[in-house]
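Below, chain A partners chain B and then partners chain C, in two separate complexes.
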Partner chain A sequence: MRAVVDPDVLARQAERRQVLGRWLAHGALGLGVLVFALPIWITLMGSTHDAATIGRGDVPLLPGGHALENYATALGQGGGRSMSTPVGGMLLNSAIMALLIVSGKIAISLLSAYAVVFFRFPGRMLAFWTIFLTLMLPVEVRIIPTYQVIVDLNLFNSFAGLSLPLIASATATLLFRQFFLTIPDEYVEAAKMDGAGPLRFFRDILLPLSVTNIAALGVILFIYGWNQYLWPLLIVNDRSMETIVVGLTKMIGNGDAQNEWNTIMATAVLAMMPPVLVVVLLQRWFIKGLTETEK
Partner chain B sequence: MSTLNLSGITKSFGTTTVLHGIDLGVADGEMIVIVGASGCGKSTLLRIVAGLETPTTGHVAIAGREVTRLEPADRDIAMVFQNYALYPHMTVAQNMAYGLKIRGTPKEEIARRVAETATLLGIQPLLERKPRQLSGGQRQRVAMGRAIIREPKLFLFDEPLSNLDAKLRVQMRGEIRRLQQRLGVTSLYVTHDQVEAMTLGDRLVVMHQGRAAQVASPMEVWARPADTYVASFIGSPAMNLLEGWLAEDGAAVQLKAGPLLWFTDGPRPGGNGRPLTIGIRPEHVLREGGVPVDVELELVEPLGSETVLHGLLPGGETLTAKLPGMVPAVGSAMEMHLLAEAMHVFDASTGKRLEA
Partner chain C sequence: MDRKVYFKGRALPFLLLLPQLAVTAVFFLWPAAQAVWQSTLQQDAFGLSTSFVGLENFAEVVADPNWRGAAWNTAVFATSVAVLALGVALFLAVQADKAIRGQRFYRTMLIWPYAVAPAIAAVLWLFLFHPNIGLIGRALNAAGVMWNYQLNGNQAMLLVVIASAWKEVSYNFIFFLAGLQSIPKSVLEAAAIDGARPLRRFWTVVFPLLSPTSFFLLVVNLVYAFFDTFGVIHALTKGGPGKATETLIYKVYVDGVDNLNLGSSAAQSVILMLLVIILTVIQFRFVERQVHY
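Up next, the complex of A and B:
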């Protein structure tokens, strides 16, 4: 026989467990935030001090008084040893490159997924598997032949050269293919009954249904494009075409000279802004696109 | 005049033949229900009429015009899909207007026809809603509206009620029938539900393994099923099919279960001993007034107004009876009576109906 336990005691125990659980959960979350946010906070604070403060080796955790001049220097004339490329121009270059990659990738992968899913043509599966196989060949692996092709096409030092090799995308095609496969055949048939041809169906029905997926993919691809380092480093040697990520690394000298950490940190903060902005603005759609299938 | 004529329609997918030559003529304004178990080819037949599939051989003519090789959009037809297939990103009004818009109908006319159709179906308050904000019955109406608005020569229904709950299904069934009669549009309706088939159709096409087993009015199909498949498919509970053989020089049948039943409508051809299948509907198994037979009761299902009894005959065949009112459980054995006038006679080997 079990002893009779006072229900009040049980209730108190349950409450204690719940409180403990809440504390544990919040503790873990707090730790996570610290790990992710502290470097960003240090960068942000670093960008508000003068070069000497950081140069001494202090890691300031509170804002200093030099924010305006640091950001003005970064935006206006650039920093570090290169001193020549203003951050404003590099931000613009990065934005153009990232947007070209996003729009190019989405356009190409939408169309190829549309073809692979909705049309029956000879070599359809071959086309699909060829696209699929390129997944195993990231830019870094095919970088030498790609470089050769771009140079032969006279696309060195151009936005086309920066973005084209990064546009062909198996990942996005696969993602759209999976999404298109979930679209019931009845929509296609209803559209046929309504007299919509393939292009009308694509424009009037498929595109509107894909909006959330396009937004989600757009966010991911923008960040992917923005963070490109190796390829822009290779294919551009004109300083006016330099992207922010490349420019930022070039600011950090590897010799004995004193790095202007304040300007570098200001630049880093500026370089983070556009992706953050894109995520914040498209966040609602982004989450919708990743979690929800509207039917 | 919008008639539909199918002649010699066959369809094969690879080596599998799903339709073995269907011929069907549908008169103007007639509602034909194609009914059959899943896999019988009924949906394929509908899709061939719609133009979503091409027949392997045979011809489809709508209103006297050969349309076998035409695109669905050029056939002047409209279809209601099982899951409605309403475009989720468009409002109800846009959904209904889409086909007209593509055909280049002037804006004012589209607006007028959307309003008219909405009034007809009682969905005016829903016009600005998206499909996901609608209930099942409302979606069903919108799907109907999208078909009606085009004023087609032919309506096609692909199991349009199977996604609704039982009560709504009965209600929408009535609405579809009233609407079809009011508009007088020739219709083809596919279902696996025999009640839907019986109540909706002017005529039924009972499909079995890619063939039309019987094409006739619902009452004809019920009263004189063409073969054992139709006999057991139409009617609920299903007809009892009992083994027997011809006796008394063709004037009666000797059931394996014991009793000898005399044909009331005349002798059947063939010599004594010809194997037969005898069909007796559960409604025609009575408590008295027929040919008595002993039944060992297995299961009693009281349904309120009637009671369904399942039992075993001498010889091991099962017998189902539907008796009016409540039947007290009277132990495991019971005498029941078979109504000889109401029996159906089929050839045992071909399953075809044998007339007197």
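Up next, the complex of A and C:
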């Protein structure tokens, strides 16, 4: 009796395992995609039917004929029963808030990272650690006192109040600092030799080199800014300043079955569209930004 | 760590740092100090006078059965969210790392929920699980399960866990996939030649190599579950029914904003700050040992 294993049999076994593994992969990923897409699909379909259909509990799985009017109602009038804020205005508010946060954060962290990396001055490390400390204080844990500051500074119901407390961030500064440290000393020497001052160096050499990092960070920050919830909820009570994410949950209220669910679903679609599009269309920047900032 | 060549000057770097430091001082350090100070004060019942009470607020908070309930809810909630989000993401990432067709499609379809705000994620799942208008909510009721997350505390908790974890799976998936792709193929081939089967290969070779990523993600997921899920809970259950889904951060909000109990709310904030600081320190000590800049 020979106990030698036939290599062909082994190879066939391995191949069978691989094919099986691939089927398992397709099955699992397909299921994952379905679970991820199901809530969106239901919402999208719901937004194309009339309120009565949804209110009855006939959950539509296919598109209906009311898409245009639902989206027009949402954008122009809003969908709350008691209080209506037009979604168009809220989208604009969210966009302004998100863009202010993106540009503010990038600007102040570029400048401070530049100062910390390319200069030697007393208190440099103290400044760095002060900035670093903010990493540990998410806005949620200091809401009441921060709110008090906003009221004292008269920034209640303003875009400055919405964005300023959120633009200081250690993560962006750390990212730029890390990137600046990789820039060869020769660049600085060459700039000095050519008689370029620090501001010239920053504008003509450092900024162009940082474009990739700025873009990647911008994508992440846009999502962060657009999706803010607790802060706008506290700092805004004027309906014309309402942001879309907060506005959407206010429309739902306690979740009564009599809500105008079709308009609410259209609003939900509109509310998540901008950040989702950013992630899908700018996927490469998004992944770069995510994996590099969160280290 | 430091550069050898740099620019001279003292005023300029200070000016460059000024905006960042100003915002940090006004909106971070000052409020944080205020929170610590307020946590040692107590107002009388009519809000007329305020007196210094030392650590009394902390003692009251920790002894309060409502706070303990919220702490327990937070523990259950955060553990469930982290385990669910990490487990599902790791499984999907391992599948997506295989050489199969449509990899890019799967990846895009699995990462977009990251862009959805927690509050909107809650709304999307409400559309599914609403007892009257939701696909799954109605199906459950039709099947004889008494499903109503507005009345049943456990069901409410289950729903906020699902809505919170759903969104975080995308985030974990991206990092697990990046971690898997950075494992040298030669290591896996060596294990395969030694006759290790796929499942064994995963647990003895791949998983240990992924452990820095997993640990990093665990901390991120816990921080997410503690703080960022405020929107999910506020949009879905408002802490109810009863106090079944009231987490620590939600209680800070309710006590400070609705009940105007500033001393207690501040003491709770300070406890949460300590928690974040501990988590951040653990993470940085660990990351520093793992990652070489």
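Methods note: the second predicted complex is superposed on the first by the 253 of 295 C-alpha atoms of A that agree within 3 Å, B and C clash if a C-alpha of one lies under 4 Å from a C-alpha of the other, contacts with A are read in each partner's own complex, and residues count from 1 in each chain.
By definition in this document, contacts are C-beta pairs under 8 Å (C-beta built on N, C-alpha and C of every residue); 3 or more make two chains touch, one makes a residue touch a chain.
As the structure is a prediction and not an experimental result, all values here were calculated from the model.
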| item | value |
| --- | --- |
| Chain A as common anchor, with chain B and chain C clashing or fitting | fit |
| Contacts of A:L38 with chain B and chain C, given as first, second, both or neither | second |
| Which of chain B and chain C A:L209 touches, first, second, both or neither | first |
| Which superposed partner A:I144 touches (first chain B, second chain C, both, neither) | second |
| Partner chain in contact with A:M193 - chain B first, chain C second, else both or neither | first |
| Which superposed partner A:P7 touches (first chain B, second chain C, both, neither) | neither |
| More chain A residues in contact - chain B or chain C | C |
| First (chain B), second (chain C), both or neither touched by A:I54 | second |
| Chain B versus chain C as contact partner of A:G65, first or second or both or neither | neither |
| Smallest distance from any CA atom of chain C to any CA atom of chain B, in Å, after fitting | 7 |
| Contacts on chain A seen with chain B and repeated with chain C across the two complexes | 189, 192, 294-295 |
| Sites on chain C touched by chain A in the complex | 1, 3-10, 12-14, 16-17, 19-21, 23-32, 34-35, 38, 88, 91-92, 95-96, 98-100, 102, 106, 108-120, 122-128, 130, 132-135, 138, 150, 166, 169-171, 174-175, 178, 197-198, 220, 223, 227-228, 230-231, 234-235, 249, 252-253, 256-257, 262, 265-266, 269, 272-273, 276-277, 280, 287, 291, 293 |
| For the chain A and chain C complex, residues of the former touching the latter | 17, 21-22, 24-26, 28-29, 32-33, 35-40, 42-43, 46, 54-55, 57, 59, 107-109, 111-112, 114-122, 124, 127, 130-131, 133-138, 140-146, 148-149, 153, 164-165, 167-168, 173, 178, 181, 185, 188-189, 192, 197-199, 201, 223, 226-227, 229-230, 233-234, 245-246, 248-249, 252, 254-255, 257, 261, 264-265, 268, 271-272, 275-276, 278-280, 283, 286-287, 290-291, 294-295 |
| Chain B residues touching chain A - in the complex, by the definition given at the top | 50-52, 71-73, 77-79, 81-85, 87-89, 98-99, 102-103, 132, 146 |
| Residues on chain A engaged by chain B in the complex (per definition of touch) | 184, 186-187, 189-190, 192-196, 200, 204-205, 208-209, 294-295 |
